[in-house]
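Each structure below appears as structure tokens.
Two complexes, one shared chain (chain A), two partners (chain B, chain C).
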Partner chain A sequence: MSGFVTYIMRRLIAALVTLLGVVAILVLLVQALPGDPARVIAGLQATPQQVTRIRHSMGLDQPVTTQFWRYLDHLLHGNLGTSARTGDPVWSDISQRLPYTIELAILGTVFGVVFGIALGVLAATHKGRWADAFGSMIGVAGISMPVYWLGILLIVLFSVQLKLLPIGGADSLSSLVLPTVTLGVFSMAVVSRMTRSTMLDTLDQEYVRSVRAKGVAEWVAVGHALRNAFIPILTVIGLQFGTLLGGAVLTETVFSWPGIGQLLVTSIQSRDFPVVQGIVLTFAAMFVVVNIITDLLYSVVDPRVRLYR
Partner chain B sequence: MSSRPLSMAGTVRAVRLRRPKSLKIIAALAAIAALTLSGCTTSSGGSSNSKSSGGTFTIGIGVALDTLDPAQQTTTTVQNVIDYGLQTLVTFDKNGKLQPMLATSWTTAKDGLSLTLKLRTGVKFHDGTPFNAQAVKFSLGRLIDPKIKVPIGAAFQVIKSIDAVDDSTVRINLKEVDPNLLPNLGVTVAAILSPASATKDGNSYTNIVHPVGTGPYEYVSRQEGSEVTYQRAADYWGDKPYYSKVVFKIIPEATSREAGLRSGQLDMIMNPSVSDLQSLEASGDITVVKAPSDRSIFIAFNNAKAPFTNPQVRQAFNYAVDKKAIIEHVLFGAVDQMDSPFPSSVAGYCKTGDYAYDPAKAKQLLKDSGVGPITVTMGSPTGRYLQDLQVSQAIAGYLRKVGVKVNVKTMDWPSYVTAMQDKNGPFDLHLLGWAPGALDAPTQMEMFDKASMAPAGLNNSFYSDPQVETMFDQASKNLDESSRNAQYCQIQQKIWQDAPWIFLWSQTLILAYKSNIDGISYQPNEKFETINAHPK
Partner chain C sequence: MSSPATPSLSAEPVQAGGVPEAGRRRRLPSKRMRVFAKNRAAMVGLFILAVFVFVAIFAPLLTSSDPTLQNLSSAFEAPSAHHWLGTDDLGRDILARIMYGGRYTLTIGVIAVGIAMCIGVPFGLISGYLGGAADMIIQRITDILLSFNAFLLALVLVAVFGVGLRSVTIAAGIGVLPQFIRLARGQALSIREEVYVEAAVAFGEKPATILRRHILRNALTPIIVYATLNVGLTILVAAGLGFLGVGAQPPTPEWGSMLGEARSYIFHASYEMTFPGLAIFLAVLSFNLVGDGLRDAFDPSLRE
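Up next is the complex of A and B:
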């Protein structure tokens, strides 16, 4: 077990280094962007004195290295800064909205995984037949359709024409349906394609043939194959989570979902740097954590996988 | 100007798709599955259509609310939301004329150095405390207190002190003569708050999160990034509204707002895509209103830079552009062509002329000016104003027809702001909008006044004319309205002649709502009002 603890420690240190890199990029990014953030935050009618005061209060008049250490120092004290737009602590803005984004990301992942694996298995077990063609079609469509466009189409269909679901907001469980589907479709497509190809490989393996030769029901054989096909699928799911967070930004805008994706868009438009930095850092941290969890799950799915020596 | 962003992004025409039968079946099946997944809950986003007094009126807006503190807000839409609960001393009618609200009458001292207002009596705040002179002193006092951030509070800096003469009389003492203060008391910045509420419900003197006022609706709650809810105030002093609840839904995407209206989940929306206006109007059950606004849209020349130092060149550009055609084909008729440097809703407006489309005259003027071949860079924002980039490209096309080579350059708004304020920056001319929220001449004149030249202010055309400045100085201190308006008329004529801009149009606030609702009105400063709304 000590090997496992060492492994976890190593992964956590690597994660911290990654996040440190993210912080450095975030601080540099503010410098690199065109336009004067202090001027934009102050508003066009502000006096030069007000602009100078805001620039100073945000520390934008300090050298980059000072800004970096200052940001880290604040971060270690649990302080992500103050929103230039609302004057609230950034973490309070983010923490109010983060649960919405996590809820959407998890549901999107579940949708993508459940339907993706189902479609993939269906396609693999019916190779060359209509179900395979249908699965491929859904896969190609899911990968090619922009999240934005798909979201609007779903709204037109289910809200405007059929009047079944809300166009957006977060009032009821039914308002979760369209954003979840919109967000999950891309993952579903990727997972289904990956499942199909790995299932085709494993279904050809000798042990599956042996199982079949014993005369068991087909679904038992498929179950055996699926378990072994799971590792590459798991990798895809982990990576998809990052894409999902990106997709959440668009999905939240189309469906007026009050998550941090929508907050990110608003903050970028108003050059609210502290909030943008906070959200990007939160996204990065979530991505890192999900990847660690994915790696750990490998050994659960396949006990032969040893992540540590 | 920037204080009122308009989100016009997203012109996807998805709403016009027809669905084939097979798709309908798949869709229905999927919808059933979706409903099952969601535990068969139904949408609560819709509004009640109850015929009796009551029900919810749901409005889709495109702007995220950064604050509900009247002093700290910077956006007309945010003001609009705050206005349901808070009221000002004076207000504007549909034509931009000043009307009593919480003040019933007012007088300016002979020396012009104080303004005395008589207050409405028997009015209570939603928390039950009385509205009186102390409340006015408290609320206006916040605007001149340096402890509080008041981003659009420049007009109130003229206030020296505020005296509560008695319960229903308040006197505002001024540092200098300023007839412009009164209309500014009608802007949401100067809304009156209950002083007792400033320490309750998360409020503090410096930051109001739960506004308590005297309006027809009482603030209930706000879900960050999603919605704000109001309920009908029990003891409202005026006519009671029909709807018992008003919900503002924040829907940044114009297409989603339109879908909300078409699906019946929203009763009214702000600013649908202009390209969809015809289809909305044709739908039969939706009414579209293009409310005149105070926002001028124009192309500002860099008047300090050749060839635009020459008025003949500036006039030539005005003649070269067919504004009528652009309004019809690019803006789908959603704006009103300018015929003065002031929009018609601004106090002191007078019609000054028309640079009718005349490419031959434009060519002649360019030839007479002797400046030779012209190549210019024109800046344009994207998605800030109605069809802004498309408009800029159309204008560039017209200019090319008279021999001017135009490169259109666009960038994100923050970068744009920096670029246009730089006299030696990348733009020779740029598209911009400007709206004096208090519908007052001095704020419009900031665009033409030397004292407001960038970076101190927003006169980004760097236009300066000594005659205009002298006349403006006299007009802004003139307490007699009719002679002041005559002075402003002269100023407008001079500016029109000097052509520091390509004068384009004043934008409209576009409202779309269910045709079975009556009583929706607007003010000409991009604000709507549904207080008197009721089913037909």
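Up next is the complex of A and C:
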């Protein structure tokens, strides 16, 4: 057990170092703004007083190392700064919208994993036949599909033409359907490609063949193989979670979904950097946490995996 | 990540005063090209890509319509014999815009990957070959960049650089940069263990020469395969930025921004958003199909 605790501690420290690096980059990026950063962030219509206020509130009148420590100090006190546009605390804006983004990310992942594994297993168990060709086609089409185009196509079909589902917003359960499918298709494609290739390997292993030789039903043999194919599938779920968050930004914009992705786009358009910094940091933290969780799931899925020595 | 192939030193004549040149060994390009040529999906991808490149180059000969010329009296015309794909909200011919738009979208994708390769490969090779502190520093920075994801990183960079074609290209390139660092590092790690590298070290070649002559040359095939797969990704990223209105600016007929502009008219002119989206999809698909085919033929170890 102590090995496990050490492992967790090591992962958490590595995660903290990564997040510190993200903060450093975010602080440096503001310095890279052309001209006077405070003037750029305040906007063209800002009065000199407003520019001064932003320069002071973001600490832009101090050396960059001071800005970094100041940002960290505020962060530890739960303060991500205030929006340059509205003057609202950034964290309150994020915390109101974050549940929507998490909800969408979870649903998109579940959709991608369930349908991706199903499609991958179908392709692997029908290698060389039409189901395999179909699965491979969906796989490569899914990773090539612009998520924003897919979203609009679904809106045109299901909302405009068939009038079955709402065009956007987050008012009812039915408004979850289209954003979930839009966001989940990429994950589905990635997971199905991974599932197919690992299933083809495991289906050929000795133990699956001996299970088959006993004359069990085909799905039992496939179940045995699938259990061992889970590790690479989990890895790909963790790694593509970042892409999923990027997709969430576009999906939220297409469906007017009130999450932090949509807020990020409006903040970037208005160069509201305190908000951009807060949201990017939140996304990075989500990515890091999800990857720690998938690592921990390895040993649950396959007890032979020892994460620690 | 394993090395592309095992070298067969015995088959190579050892050059006077040096070690056998690693790049000339083992590979049988024609055999691998035949494997590639037999891959039907890859050939379909190559065909689509060839069509896009042809149309983008010869757009002025293929259409007489000006992609930026506004004609409000013929706005929102549905596809017809005169305007095959219809006209947009400002009466511009959508087909002409897509034909010319290919120039921007394809160029952005290729240059962005070129930027990622030119910066990422040297850093990755140095990181993997030298190890030690250089490796640790480069890898920690890569970890940090990877936690952003390509699209988010590009989006944030555009906020800094400002909108426009040039900043989108650079942002998309930096977006996929960490993947190239990782790939090149993995290649360097495995290639540095090869006998010919040990021999080069024994012959007293300088690290810079070894990196260039042996490591880079042998890592090139997987890097080029990976680059092809990444052109699709950078096109998606750049078009996504265009879609959000922070990429190419009007009246540039870039496909992503065309899609973003068309979004407002999905109720009465859904065809306006259909074709730019289809163009992005097919272009990305073609690069992915060709990339998949190259990978299967030249370096199956890169598979997923």
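Note that in this section the second predicted complex is superposed on the first by the 294 of 309 C-alpha atoms of A that agree within 3 Å, B and C clash if a C-alpha of one lies under 4 Å from a C-alpha of the other, contacts with A are read in each partner's own complex, and residues count from 1 in each chain.
Criterion: a contact is a pair of C-beta atoms (placed from the backbone, for glycine too) under 8 Å apart; a residue touches a chain by one contact, two chains touch by 3 or more.
Keep in mind it's a predicted model, so treat the numbers as computed, not measured.
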| item | value |
| --- | --- |
| Which of chain B and chain C A:Arg271 touches, first, second, both or neither | both |
| Which superposed partner A:Phe283 touches (first chain B, second chain C, both, neither) | second |
| Partner chain(s) touched by A:Thr253 [first = chain B, second = chain C, both, neither] | both |
| Which superposed partner A:Leu29 touches (first chain B, second chain C, both, neither) | second |
| Touched partner set for A:Val181, first chain B, second chain C, both or neither | first |
| Which superposed partner A:Met194 touches (first chain B, second chain C, both, neither) | second |
| Touched partner set for A:Ile155, first chain B, second chain C, both or neither | both |
| Touching partner for A:Ile237 - first (chain B), second (chain C), both, neither | neither |
| Where chain A meets both chain C and chain B, residue numbers | 33-34, 149, 152-153, 155-156, 160, 253-254, 265, 269, 271 |
| Chain A residues touching chain C - in the complex, by the definition given at the top | 17-19, 21-22, 25, 29, 32-34, 136, 140-141, 143-149, 152-153, 155-156, 160, 193-194, 197, 232, 236, 242-243, 245-247, 249-250, 253-254, 264-265, 268-269, 271, 273, 276, 280, 283-284, 287-288 |
| Chain B partner contacts - residues on chain A that touch it in the complex | 33-37, 39-40, 42-48, 85-87, 93, 96-97, 149, 152-153, 155-178, 181, 253-259, 262-263, 265-266, 269-271 |
| Touch list for chain B against partner chain A, complex | 1-3, 5, 12, 14-15, 17, 19, 23, 27-28, 31, 34-35, 37-39, 41-46, 64, 66-67, 72, 74, 149, 151-152, 154, 207, 223-227, 249-253, 255-256, 259-260, 262-266, 411-418, 421, 455-458 |
| Of chain C, residues touching chain A in the complex | 41, 140-141, 143-144, 146-152, 155-160, 162, 232, 236, 239-240, 243-246, 256, 259, 263, 266-267, 270, 273-274, 277-278, 280-281, 284-285, 288-289, 292, 303-304 |
